[in-house]
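Per-chain numbering from 1; labels A, B, C and D assigned in written order.
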Amino acid sequence: MVAVAARELHDGEVVFVGIGLPNLACNLARATHAPGLVLIYESGAVGAVPERLPVSIGDPALVTGSLMVCGMADVFQCFLQNGRIEVGFLGGAQVDRWGNINTTVIGDYAHPKVRLPGSGGASEIAAHAHRTLVMAKLDRRAFPEQVDFLTSPGHRCRGIPRRELGLPGAGPVKVITDKAVLEADGTGELVLMAVYPGVRLDDVRAGVGWPLRVRTTLLEVAPPGARELQLLREVLDPQRLYLKG
Amino acid sequence: MVAVAARELHDGEVVFVGIGLPNLACNLARATHAPGLVLIYESGAVGAVPERLPVSIGDPALVTGSLMVCGMADVFQCFLQNGRIEVGFLGGAQVDRWGNINTTVIGDYAHPKVRLPGSGGASEIAAHAHRTLVMAKLDRRAFPEQVDFLTSPGHRCRGIPRRELGLPGAGPVKVITDKAVLEADGTGELVLMAVYPGVRLDDVRAGVGWPLRVRTTLLEVAPPGARELQLLREVLDPQRLYLKG
Amino acid sequence: IAAGCARKLVFSWAGNPGVGSLHAFRRAVEGTGPPLELEEYSHFGMVARFQAGAARLPFWTLRDYAGTDLPTANPLIRTVTCPYTAEQLATVPALNPDVTIVHAQRADRDGNTQIWGLLGVQKEAAFASARVIVVVEELVDTAVIRADPNRTLIPGLVVSAVVVEPWGAHPSYAHGYYDRDNAFYVAWEAISRDEKKLAAWLEQYVYDVPDRAGYLALLAGLTDRLKARTQVSAGVNYGF
Amino acid sequence: IAAGCARKLVFSWAGNPGVGSLHAFRRAVEGTGPPLELEEYSHFGMVARFQAGAARLPFWTLRDYAGTDLPTANPLIRTVTCPYTAEQLATVPALNPDVTIVHAQRADRDGNTQIWGLLGVQKEAAFASARVIVVVEELVDTAVIRADPNRTLIPGLVVSAVVVEPWGAHPSYAHGYYDRDNAFYVAWEAISRDEKKLAAWLEQYVYDVPDRAGYLALLAGLTDRLKARTQVSAGVNYGF
């Protein structure tokens, strides 16, 4: 999943990074095919080169050796809203058919079944990054037809197409799960693009709450190479803070 | 004139300083009765202690040894508009009966007789500083009934009282000239408050373009003391960049 | 929240950074703990509120929230029409706290405060606030501040009080002084999940300690474990 | 203006700092020189325009201009109504230059630029601009930038080109490198007042010099006269 996300990043791109799996993916890409990635964290570190796995978005390892530190007002106004961020990573408890994400509540807002942490910077990343990549575990409850609460806009929000909302970025182009990769089709609906080796189409369909369409040519995801696995397990997350295997 | 202006400053006050005579007045006050003055220059130096007479608002001597340097956006938004500036200094080619100041044009805006440099930061200093002090040479052309162009608001702007305009600061409380000191009365009109030793009332009236009223008890300005003169001539402006005598 | 001090939370993200949920917060909102009123924004929205507060403007303009449910959940998220392009933009209201508490590496006795490493919204919050308390690792002579004025983030003229409290940011970190106590954040997951454990922790580390020194005395080996290594930057020339 | 390159001036103050008038500007506006279109703001207004540009918003809000003649002289100064308090506030339109040229002490080859001393609106202008050219006193290794990231004002990702030109700010100064050439500013008063002298100066110092080195060669003794003295600040600890 991390290796698959890393491959989506091109050398030299400016990436808005969150903690956890996205951070691992970015640092894996930096250590392999994209040494020129510019990593920006919402806490204000620009061009970070963390020498350890950051344990929080405010980790001092993001600052030491970085190219620039700026205040959060500059991060959101001068980098993100200004259109300087090429790729943003998002995750969430719910991802729906149109790539909308919910990180706010499961159930009703006033009387939630589960209260989640909230938007953080996700709402504006979803609006402004040139494109976003979503990482989430495939699970029927996590992939409903419609999110309970729309925290971060996808391609169609409560019936209104993204373009009509004036959102500058292209939205979630891919959703990378632990079983398959979904991509947005021309209408903005998430469709199945590729499956991991050994995963059956029915497994994927069972994890999605809407009639999942499949791209004309379904691809198979290449498994991570030995070098990717070694970097992830021995260098990037030796304590297995975020990796399971 | 400089010594008279210096006396208007109280120790510990936060002063927005311009180059030239205001700068001399502030540094004279700092060297005498007000060592705790905090001098802020629009270029971004806060708590400046210039070791030489600054030759421009951007002089590096304003930075070295200062308490803080910030960008001009912070100067105007976080200090001035935020209401942190207690005293502002203003000057201008024209000062009118209500303390309005013109630093833009003499004559018509589109076809001026004399084109002046413009507002700079004066317009917003006049609006936001808790009080302003105006320094100008007394001259009939410089003190008209109404300014040709209203660059910096005084107590009554084109007939509208300052309070109705929602301007946060108290406006120009005193106008310090080379012959006399004017102050704003309860209605905001500039009236004669004090004359320099040896200056006759008629001399002052001849330098003002409206029927100048005189405060009930007209004061005489105390001449600068030996220490003030020595500081001004030998320490603060030894090259006589701004001082005449 | 668990101690019953909080009536209302104005926020943009409520989690345990890098670890998981804030359980006392979840209990309150999910209806099994003491009630808690919410006023919810995104990070950018909260930052913008502090910017408006620091500039003494009543609102701030941003491109945000189009298509989301956040303006429905929070009616204080509104819109304004641009006087040049006629487009609609989002607004948030200014936030002007009664008190802002800032943790910094050093300040002089007048409150002129220097911070390096991450800056957050500390400058904006300080300027927005009616009163500012600065907690520092080191009290320094004004000459130290004046030797490098570009490092000053908060001027003394907005600061009400300076508290000198080394290790005052624990369990978080102070860049150049000590690292984050990550073991604490991880342990907090188990403590905060269980209301009894949380009550016991509050008793031992908050109610029963007379001061910060008492708190630190309970954390044996802390300074050895977390003290920052030395990696000093070069100076720059302020001569002219 | 004197060389006939400028058609329109967008400005907030047009004088010779600390000296007096800009005579070519005055001649143009007072009708005795080539015509010049004006779009005039105050300093705060111009700063706000760059802030809007840097944030990619179409306008910026400020408390300013009430009671003044500036909105009459410039119809682009408008108002907006606060969606919370209903009060009227001034607005200025965003400024997004085609090119911004910044002078800085140092940058690496990717354009990551560090500036100390006065900062002006250089950060805002750079972010607002379609292209940014940075002129530096020194080209440094990226390791120098990374050793003190809090000094970086402009990130390389917004910079199009870096020009290495020591003494490139003359007749102004570069803090820590050389002082302002005040004699030049004073001499400029007499040169610019007389159109013939001004034409001769342009001939000698602009049209007839092949490059910046040629310009500097005409100014004998400059480096001895203006070189900055050494007053280096202490470093700070970035270790953790």
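As a working rule, contacts are C-beta pairs under 8 Å (C-beta built on N, C-alpha and C of every residue); 3 or more make two chains touch, one makes a residue touch a chain.
Just so we're clear, the structure is a prediction, and the values are computed from it rather than from any experiment.
Listed by label, the chains that touch chain C and also chain D are A, B. On a Cα centroid basis, the chain most remote from chain C in this structure is B. Remark: chain A and chain C have CA centroids separated by 26 Å (rounded to whole angstrom). Centroids of chain A and chain B (each the mean of its C-alpha atoms) stand 56 Å apart.
Note on chain placement: the centre of chain B and the centre of chain C lie 40 Å apart, centres being C-alpha means. The residues of chain D that reach two or more other chains are 56-57, 62-63, 87, 116-117, 119, 123-124, 150, 173, 175, 179, 231, 238-240, listed in rising order. Shown for chain B are the residues that touch two or more other chains, namely 45, 60, 63-64, 69, 77, 81.
Chain contacts here follow an irregular pattern that is not a line, a ring, a star or a complete set. Screening every pair of chains for touch gives A-C, A-D, B-C, B-D, C-D.
Against chain C, in their complex, chain B makes its touches with residues 14, 38, 45-47, 49, 60-61, 63-69, 74, 77-78, 81-84. Chain B makes touch with chain D in their complex at residues 19-20, 42-45, 54-60, 62-64, 69-73, 76-77, 80-81, 104, 109, 111-115, 117-124, 127-128, 149-153, 157-158, 160, 162, 165-168, 241. Residue ranges on chain D touching chain C, taken from their complex, read 56-59, 61-63, 76, 78-85, 87, 89, 91, 93, 105, 116-117, 119, 144, 147-148, 150-151, 173, 175-177, 179, 228-240.
Touching chain A in their complex are the following residues of chain D: 54-57, 112, 123-124, 127, 142, 145-146, 149-150, 152, 155-158, 238-240. The residues of chain C lying in touch with chain A in their complex are 11-15, 17-18, 21-22, 25-26, 29-31, 40-44, 47-48, 50-51, 62-70, 72-73, 87, 116-124, 172-173, 175, 179-180, 182, 185, 231.
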